[in-house]
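Here's a structure for you.
Chain nomenclature is as follows: A, B and C, assigned in order of appearance, with residue numbering initiated at 1 for each chain independently.
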Amino acid sequence: MQSKISIKDLDFFYGKAQALYDISLEIPEREVVAFIGPSGCGKSTFLRTLNRMNDTIPIASVKGQVIIDGKDIYAPGTDVVALRRKVGMVFQKSNPFPKSIFENVAYGIRINGIHSSKEDMNNRVEKALRDAALWDEVKDRLSTSAFGLSGGQQQRLCIARALAVQPDVILMDEPASALDPIATQKIEELVVELKKNYTIVIVTHNMQQAARVSDRTAFFMLGKLIEYNPTQKMFTNPNEKLTEDYITGRFG
Amino acid sequence: MEHRIIDQQLDLLRDKILLLGGATEAAVNRAMQALVERDSELAKKVLDEDKIIDQMELEIDQMSIEILALQQPAAHDLRFVISVAKITPILERIADHASSIAEAAIVLNNEPQIKNYVDFPIMAKTAAEMLRSALDAFTSEDSQLSREVIKRDKEIDSSYKRVFNELLEMMLDSPQSTTGAAHLLFVAKHLERIGDYVKDICELNVYLTEAAFIKHSKHL
Amino acid sequence: MAEAATVHSKRRITNLVMTSLTAICAVFATSVLLIIIGFIAYQGISSLSWEFLTDTPKPVGEGGGIGNAIVGSAMMTLLAAAIGLPIGIAAGVYLAEFGKNWYGNTIRFIADTLIGVPSIIIGIFIYTVVVMPMGRQSGLAGGLALAIIMIPIVARTTEEMINLVPNSMREGALALGAPQWRVSWNIVLPAATSGIATGAMLAIARITGETAPLLFTALNSRFYNFYYDQPMSSLTVQIYNFATGPFEVEHAMAWAATLLLVGFILVINIVVRYLTRKKY
C-alpha cells in the first residue's frame, strides 16, 4: 500500500490538556478513509492536524510527525499556505463566502495565482464545478450570490472551491451532517467519484455513511485510536470490543 | 450499557429460530419413531405439523428482513441476523426430509416388515444427536462444538454406505422385498441429507461466532 | 387536584399582570419619543421656510436663518467622518482579528473609557492642543473633536460586527491557503460591511447631535464660512444660542433648527434600519 499520509506517534494538546494520544496511522493514496467515534473523541481535532488548521488556535501544540508525500508538515520552515493548497478542506457547516458563485470558486485560484488568463480562470472554475457535480445546476447563474443556493448545493460549492486549487488530499469534517438525505446521497456519491483522483479523509457521525463511502475506517475514543481496519472488516467483524459496541450502538 | 431497541428484536428472533429448531428436531425424531415402531398415526402427525414449520419459516424470514431494513445491524448483530436468515430455510428443508420419511413410513407400515431395523436407528440417532448439538452450539455460540459436529457427518456417511449395500443385497436376494427396500433406501438418503444440512448449520455458527467462512474450505 | 388548579390559576394571573405591566411600560417609552417629536414639530414647523434654511442669522426682527449652520455642521461632520471612519474601522478590524492579546485588551479598555468620557472634556482637550496653538477657534478644531468622539464608537461597533462573521468563513479561506491578512481584507470585511456601515451611520448621527465639544472648538459664526481654519457655525451651537436668547422669535427659530436636527437623525436611523433589514 502506497501511503499518501503517514502519521507517526502524534500527540496533541490544548494548553496542558492532551486531546490526542500517540496516534499512528497510514492513509493510502486515492482511498477514502473515514474517522468515526463519539463526540469529543478527537476525530475532528485529528483531521485538522493534517492541514495544520489547528495553528489558528494559539494554545494548541503538536508532538510527533505527519508525513505527507515524504515531508513532515510540522518540520520547521514548512510553508503552511502551500500545505493547505495541497490538502484542501470541507467543513461541517457549508461556509460559502459572501460573493457570487463564480467568485467563490475563483477565490482560491486567485489568491494562489494559479490561473494564467481570464480564459484559463473561467475554464478552471467550470472544471471545479463540474467535478463537484454542481455545474449543470449553477451554470446559468454564476454571478448570483452563493447564499441563494440550497444547503446541499452550498456544500458542493465548498467542495468545488476546494477542488479549484488542485489539492491532492481533501479533508472533510462531517460534510453532510446538516443536509437532508438526498443532498447527503449526492455528497456521498461525489466522495466515491472523487476517490479516483484524490485521497479523501472524512470525519462522520453517521456510521452508515462511513460504511458506504470509505475503504478504511478508523475508530477513535477519548483521543486514542482504538482500531483502524478495512471498512468491511470494521462493520462485520471488528477486532476490538469497543469498536463493536460503538458501531452496534451500545454507546456513543 | 444501555438497552437498545434492536436487542428486543434480536431476542425475539433468537426465540423464534430456537422454536423452529425444536420443532424440526421433533419432526425428525417422530418420523423415525413412526418408521421403527410402525406407527402410522405418528407419521400423519409429522405431516400435519410440517405446515406449522413452514409458517414459522415465513415469520422468521419477514422478521430478519425487517431488522436488516429498519435497524441496520452491524458487526455481531449483522452476523446473527444473516445466520438466522440462512439457517431458517435449512431447518425447513430438514423438516421436509422428516415429512418424506414419515410418508415412507406410512407406505412401509402397510407392507410386511422386511428387515430388522438395526443400522437405521443408529443412523437416525446420529442424525438427531448432530441436529441437537448443532442447535445447542448455535444457542451458546460455541464454535468448537460446531466443529465437532461437522466431523461427525462422516459417521452418517459411513452408516449410509453400510445400509445402502445391505439393502442392495436384499433386493438381489429376495425380489419380493424390492418395493420396501427401495423406500428404505430413500429414507437412508434422507437421513444422509439431513446430516449434510446439519453440517451447513454448524458452518454458519462458526461464521456467527468467529466471522470466519469455513464452507468449501478444507480447514476447520 | 384542587391545589394544583389554584397554583395554575395563580400562575395565570401573575402572567397576565406582568405582561400588561411590560406592555404599559413599552407604550410609555415610545409615547415619550412621539410626544417629544410631536412637540418639536408643533413648535418648529411655523418658522421653517426657504429663507430660514438658506439665510444667515440676522438681528432680531429682521428674519434670517441657519444656512451657515447647516453648512458648518455638514463640513465638520464630513471632516470628522473622513478622519474617524478609516481610523475607527481599521482599529476595529485590528481588535477583532488580531487583538486577542494584552495589547488588544488595553486598546479595548481605553476605547470603552473614551466612549464614556463626557464630550465637553474632549472639547477642552482639543481647545488645549489645537485652538490655543492656532490662536483661534476653527472648523478644523470642531471636526477633530467630533472625530475623537467618533473613533472609539466606530472601532467597537466594527469589532463587534466582525466578530459576528462566522468563524467557519475564516476557516474556509484559510483552508484554501489564504494568508491571514487576505482573509481579513477580502472575506471578513466584506461580510461585515452592512454591519460596519450601520455602526458608522449611528456614529455620524451621534456626533451631529453634539454641542458641548463644539462650544470651545468651532465656536460660532454669523456668516457663511467655507474654510476650516475659521470659526464655524453648527446647528447645535446655533440652537443653543437661539434658545438662550431673550426673544420669542429666537426661541421659535431654535425649535425649527431642532426640528431639522431631529429630522436628520431620524432619517439616518431609518436608513440604518433599511441597510440592516435584508439580513434578518
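Keep in mind that, in the parts below, a contact is a pair of C-beta atoms (placed from the backbone, for glycine too) under 8 Å apart; a residue touches a chain by one contact, two chains touch by 3 or more.
Quick caveat, the model's predicted, so the values are computed rather than measured.
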{"item": "Shortest path length from chain B to chain C (each step joins two touching chains)", "value": "2"}
{"item": "Chain whose average C-alpha position is farthest from chain A's own", "value": "B"}
{"item": "Top chain pair, ranked by number of contacting C-beta pairs", "value": "A-C"}
{"item": "Where chain B and chain C are represented by their mean Cα positions, the distance between them in whole Å", "value": "91"}
{"item": "Cα-centroid distance, chain A relative to chain C, in whole angstrom", "value": "47"}
{"item": "Chain centre separation in whole Å, for chain B relative to chain A (CA means)", "value": "52"}
{"item": "Chain B residues counted as touching two or more neighbouring chains", "value": "none"}
{"item": "List of chain C residues in touch with chain A within their complex", "value": "100, 166, 168-179, 182, 187, 190-191"}
{"item": "Residues of chain A defined as touching chain B within the complex", "value": "207-208, 211, 235-238, 243-245, 247-251"}
{"item": "Chain A partner contacts - residues on chain B that touch it in the complex", "value": "1-2, 4, 6, 72-79, 211"}
{"item": "Residues of chain A defined as touching chain C within the complex", "value": "51, 53, 56, 58, 81-85, 88-89, 91-93, 95-99, 107-108, 111-112, 158, 161-162, 165"}
